[in-house]
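Shared between the two complexes below is chain A, which pairs with chain B and chain C, respectively.
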Partner chain A sequence: MSKRVAFLFLIIVLLGLTGGCWSRKELSETAIILGAGIDREPDGKVRLTLQIARPAAFGATEGGGGGGGGGAMVGTVWVVSGTGETVFDAQRNLSLQVSRRLYWSHNIILIFGEDASRQGVREVINFFSRSPQPRETMWVGVAKGKAEELLTSHSAMEKSSAQSLGFLERMKAGLFVEYKDFIRDLACPGTNPVAPRLELLYRGRHEGPVMELGPGYHKEAVLTGAAVFKDDRLVGWLDESETRGLLWLRNLIKKGAVTVPSLNEPEKKITMEIIRSKTKVDPYYDGEKASFEVQIRVDGMLIEQQSKEVFTDPEVMAALKKSLAADVERKARSALEKARDDYAVDVFGFGEAFHRKYKKEWPALKEYWDEEFARSDVDIAVEVRIRQSGMQAGRLSIRRGAER
Partner chain B sequence: MARLVVGLGLRFPGKTLFQYPEIILGKAAGKAVALLYLWWFFQNCAENYRSFISFLAVSFMPETPLMVFVAFALIMASYGAYYGLEVIARTNQLFLPFVIVSVVLLFFLSVPEMTVNNLLPVFEAGMIHLVKSTAAPLAWFGEVVTFAVFIPYLNRPGQAHRVALFGILGTAAIYEMTVIGIIAIFSPALTAGYLFPVLNGARIIHLANFLERMELVLVVIWTVAGVMRVTLLHWVLVLGSAQWLGLKDYRPMILPVAVILTALFMLIHKGILEEYYFLAWVWPLYSLIIFEAGLPFLLLAVAAIRGVGGKSG
Partner chain C sequence: MAFLTRTRRSRRAKPAGNEQNRSTGGRESTVPSFRDMALSSDLDANLDRLKEIFRDCSDIVFREFLFAQKEQIRLALVYTDGLADKSQVSEQIMRALSLEVPVAAPEAEITRANALHFVKMRGLCIHQVRESARVADVVDAVLSGDTVLLVDGHAVALINGARGWEMRSIQDSQTEVVVRGPRESFIETLRVNTSLIRRKIKNPNLKIEMFKLGEVTRTDVALVYIKGIASVGLVAEARNRLARIKIDGVLESGYIEELVQDDPYTPFALLHHTDRPDRVAAYLLEGRVAILVDGTPVVLLAPTLFIESIQTPEDYYEKSQFMTAIRMLRLLALFLSLTAPSFYVAIISFHHEMLPTALLLSIAAQREAVPLPVFVETLLMEIAFELIRETGIRLPRPIGMAVSIVAALIIGEAAVQAGMVAAATVIVVALAAIASFAVYYSGSVTVRLLRFFVLLLTSVMGLLGLMTGIILIVTHMASLRSFGIPYLYPVAPLGSADMKDVIVRAPWWAMFTRPGLISKKNRRRMAQGLKPEPLPTGGERHCWRKAGLTAGRPVFCWSRFFLPARFCLFRFSLCSTPVRTPGSQLFLLLSAA
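And now, the complex of A and B:
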């Protein structure tokens, strides 16, 4: 008898649960956020801009342009923007505009507007760590101007500008910063955060007559360098070339090219493609002044040559390597000098390297590390090794005998 | 600590932690010590399960009432306790390889995200800080005291030392692996701020753009391990309270224990922050000093002086 009662009880309990889970979120009731932007209003309020995927449109575009040639452009995303005292406050205010429950887990990129960054991002990032939804792997960027404008831009290549920006960072050609790296740099003494600079520029154009309904150009959101922070405040920018230097010094170079003029014919250029590189930072401290020895080692492949030198000659090769090394050093130095001399911030993690080696001296220095860094000497030594020369040993297109 | 506990167990073959204090200290004092232990196991079980629920609630189901988790775990735990230690152990045998493999797998999947430099410099903080911060993990390993309840039920009690040591070393290895991995990923500065850093660690795994959302593996591990733990401690409590009351069969105690546990689960903490503080600073010292080192040592010392119990181990 009692067994039967228990069984009945169990069935009733289980029946109560067949309706689903408590915290369920149905796909058809959620608004998936693809990109988020944070700006500050003049009155100090937070303006949150969200780029939300429109699932219906996503399906339609994959169907293969069923709408007919040059038919109406269907937006794949919808952008909403609202203000509030905090990020979440702004999000709650947005729920009067968005008919579905906002869902953060698929957010690709978090963009800080220039104003918000200059005022300090620490005030506005807490939500992204505290809420369980946003992921640590979302990308971070700083807009030149308003984050809102970037998120409302159109991407010709990807389905939305947020996706496009995320994929641009993922290519690792420019600076790439995940949220977890950003907050790590913010939390660790001995370094300052950086983030890619995002800008709206006329880039690329539409093809031929079919697309000529609108203007041939439109503004695309692209990466144009790096934003330099001092603690949580934006203090300045690095241009594209200096950003390469930043990547060299941070040991983040994944791919790319180094181009130098030819030794004999300076108007002609030679390009090496980077295969791999490694940067090592050795700090030294004499009790008064910190100094750093940076060693950059590059393995590369000769990929393009406009001139006619023969690189099987060891002397020519040595001279080329030297010239390539000098170019890498110049870029690294330009980033270093901009950050150290103009902005007086250590964005290279040199302070952390110092901390690892001089843990006794560190506590006294860490409070004003950036000043200490600003008066430090940095020595950069670059070693280039050319491992491969593509599919050629010499140039094929040159007539025999004309080589020298 | 493990030797202490096993040494005690082997002196009194066939008796559990709830029975031999009486032999050692006499009726009244012995009952009191056993009652203290009973209380500690109640608390231990509640703390353990509460932190397990907090994990699920905080990270995945913030709106779900705690009662739902509690009810389900206790139904399962009561079921386990009803069938006794062997069933619990066999179930664990089934799940343990899965759990261990998953933990190791998660560790290796997150290797690309790790930076060894985050771990350096080591031993920066100084000895005092180091000793203070080892208290929490030590207290956690100290829960090997639970072993004192199983010893009489081992098929080969002679191997108790070996089994306990192996268990502790195995757990310590996994624990160390996780801690080092997480710090290498997030740096100490960030790790300190997270409530469940391992979850954040699992979340960042992304390989080749398709292997993502590994935190669900973690949830499975956490659920399996959490429920196993509650079941085991439930059984310990049921058995302990029955022995303390002198009952012949422990099964009538299943329901009362479940009711007390439910209340404890719900009442033990007001919120996650209070729980975090309690588990980090109060609980370790409390359980380490009194229950995991102090009382077992006292019992063994008195037993040796009074010469009760057989010589073994």
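And now, the complex of A and C:
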């Protein structure tokens, strides 16, 4: 009995060990990619730029690990760039430069260069869907210019520009697109993909007692609007205000503010903070022309007021709501008109809404849906409700009796 | 293969000789057969025989004296120096018999023939006296600390229970500390230990059967159970397993544990052991048996369930809500102590994608300077920790403390500073170590051992290995039995009524049955409907009257829903007296929660 058990135990142990350390990848032999950029060379080759974390520098804040002397922000990432016929080919070529195994699972953002986007992204994104490593939840953006330039920049706030860009999208103040949303829009005939526009701009400067040591002012990668695709090709841009409109129409507004001039004193402004909003799209089709009724309902909180109106008066309140609604509608309409009239692409998912309602008509229309969309009418109705007026009802800073 | 057969053959050849050895049990042949001898009526012959038996035993004392100062009636005392209570022997036996009897009794009546009667009924001032005519009894009694009185002319020995030896006082439990609950624990003397149990269960049904195990040591072993609660089969089985034991000595209950457990190879403790009388009493009340061994404070309990390794006596003294939370914590601790290092190794060397980026980067930063693969590093830290723990236990207490502090500081602090070990590894190993102490000690020993097994598998296959390890362990546990009771009961096989004491510790009024598989017949522990409730309010009483019912009968009562919450603990129990099945109790408990 004991011998049999011993043999069995030996077999189990040896069987386990014969596998070796199968698929083991030591953390200190891994190059963790934080950001990836894809550009097109003039000769048609793919240029892959990778921003790789340098762990030694990442841990330096606590004084342990690599060196002493505090330099937390020194060289947190290493950026390499290489070309190849395909994305993976380029990555294999990069292996000659990177001493560790490239590891995609923690890639935060995938940036398409402007050239690559204009030539069509479908050819270069297949790797990210096929390879098991990259996550579908990585953020996507389109660089105004070269993706490589964005990745070679650094962030004053975060430890790398890739993290900074990822967190900017995650804040959901501007347009935010995950890779899975991007490829879904790409695959869906009822809509076209969009992605945030990323740019290098002089924004902010870091200050401190020893700033003479180095420049406190450099270009940072920021979100500056949206890139509009027609199928997989970049056709144009939306600016920041129009991007807000895009978010309203796509039901993606998570937070933000609406600012309108005061009713009595137009040079003074009133701002409402958005608590929640809901956008509903109702398509109609008369056999010839599609039209859409868009209903936007916004709940908000009065957060700032430069003027002196008292909003306990229902009439004033009603007028304010109307004014706020008009501003939301204006932004939505500007995005709609830019996309519909200038670029003739449906980036709002109206086609999907249409498909859901008119299943029979859709197959005939889907091939040239963008043309159909370009001549459709869109009616936008906005309803604003003010739920709270912040911490005060009136304005305490106004002298008593002044409004009388 | 050849050597295998040879060993087998040689083993087969031996038994005959072995058997004989066993029956004499290694007892020296100088006293071959006194076990069958009877005492003679001649005192000198008896004394000669005993002196022969106790030859070279310098601690055996023989003392002859006269009964009631009569020359013709000689008495002799035989006892073990150090085991018998000397003051009792000299005061209550010798003084009483030689000096006080003549004063108290008319001298003329005492004759050689009725001396025994006089000694026993009118002379001895000893609380416990029994008679025996066998030499073997005399020998056992003397060696157990009793004082044997031989009367000239009578072939009977009076065995006086005047025992008294140096023993430890009853102290706090060393292995199971509680905040709320009794402070006493068992000591090395069996009789004191049984008295501690008897103090808790004052019932003639508490049976204490004695065995003498160990052919040489003649150790007293007690099988304790409550007749009528413990199932007859269980007691018989325990008796058989104890009676089977033929061994030269039993120095600790661990000897017995390994000789009676169901699966000889398992690392799991199939008999629970404790040094707390309250725990033993509680187990006895659930229909289990306890095995007490003289010379050790550690008592064996059988049958045992695995889940009991995360239960403490305090669970049943403190508030059920709080102890339920603590129990979940202990379950977590059990899981952590088994898997934390393996999980760490799996993630760091196989599954980097499972960590948030920021955490991964922070760990990567720590690991940058570490020269060893994470598995080797973790293994070394685990071994280092076990070393610290072992030295901490074995060293004399004052040094032990110092050593463990220094070792912990050096390994925890210096190794990280020197970049030999990542801080995260130290954290994980320390976490697993701390967690293992939240589990009961015998459980934690097992878990600490299995941790290395799982770690090895994980280092080879990552999370797959971790899962393989856990599956192997759980499968093994499911195959275990403790005195016939499945080790994983009531989880597997599911005993839904007994789940009241696994993850949650139900309030006492809800735990009114004993564990089902263990107490087979006598299952009810308390009366039904003991949940403290206020008297029914007006509306409810009216409702009962309308339904023609008296208080305490199940009744659907709408007023329940409209009563203020403070009047009924469970809004949604539709009956004023909820249906008292354990399952529904649990359901009610959960629904109320």
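Criterion: the second predicted complex is superposed on the first by the 371 of 404 C-alpha atoms of A that agree within 3 Å, B and C clash if a C-alpha of one lies under 4 Å from a C-alpha of the other, contacts with A are read in each partner's own complex, and residues count from 1 in each chain.
Note that a residue touches a chain if its C-beta (ideal position, glycine included) is under 8 Å from a C-beta of that chain, and two chains touch if they have at least 3 such contacts.
For clarity, every value in this text was computed on a predicted model and none was experimentally measured.
Of the two partner chains placed by superposition, only chain B is touched by A:K359; chain C is not.
After overlaying the two complexes on the shared chain, residue contacts for A:T137 are found with chain B alone; chain C is out of touch. When the two complexes are overlaid on their common chain A, residue A:M317 makes contact with neither chain B nor chain C.
With both structures placed on the common chain, the touch criterion links A:V5 to chain C but leaves chain B unconnected.
When the two structures are aligned on the shared chain, A:L27 is found in touch with chain C, with no touch to chain B. Using the contact criterion defined above for the overlaid structures, shared-chain residue A:A374 touches neither chain B nor chain C, since it reaches no partner.
After overlaying the two complexes on the shared chain, residue contacts for A:C188 are found with chain B alone; chain C is out of touch. Of the two partner chains, neither chain B nor chain C is touched by A:A173. Of the two partners chain B and chain C, more residues of chain A are touched by C.
The intersection of chain A residues touching chain B with those touching chain C, taken from the two complexes, comprises 13, 21-23, 135. Chain B meets chain A in the complex at residues 58-65, 68, 71, 117, 120-121, 124, 185-187, 189-190, 193, 200, 203-204, 206.
Only residues 13, 21-23, 129, 132, 135-137, 178, 180, 183-184, 187-189, 352-353, 355-357, 359 of chain A touch chain B when the two sit together in their complex.
Chain C makes touch with chain A in their complex at residues 4, 265, 348-350, 352-353, 357, 360-370, 373-375, 416-417, 419, 423, 456-457, 459-462, 465.
Against chain C, the residues of chain A that register as touching in their complex are 2-3, 5, 13, 16-17, 19-28, 30, 32, 34, 53, 55-60, 64-66, 103, 105-106, 108, 133, 135, 163.
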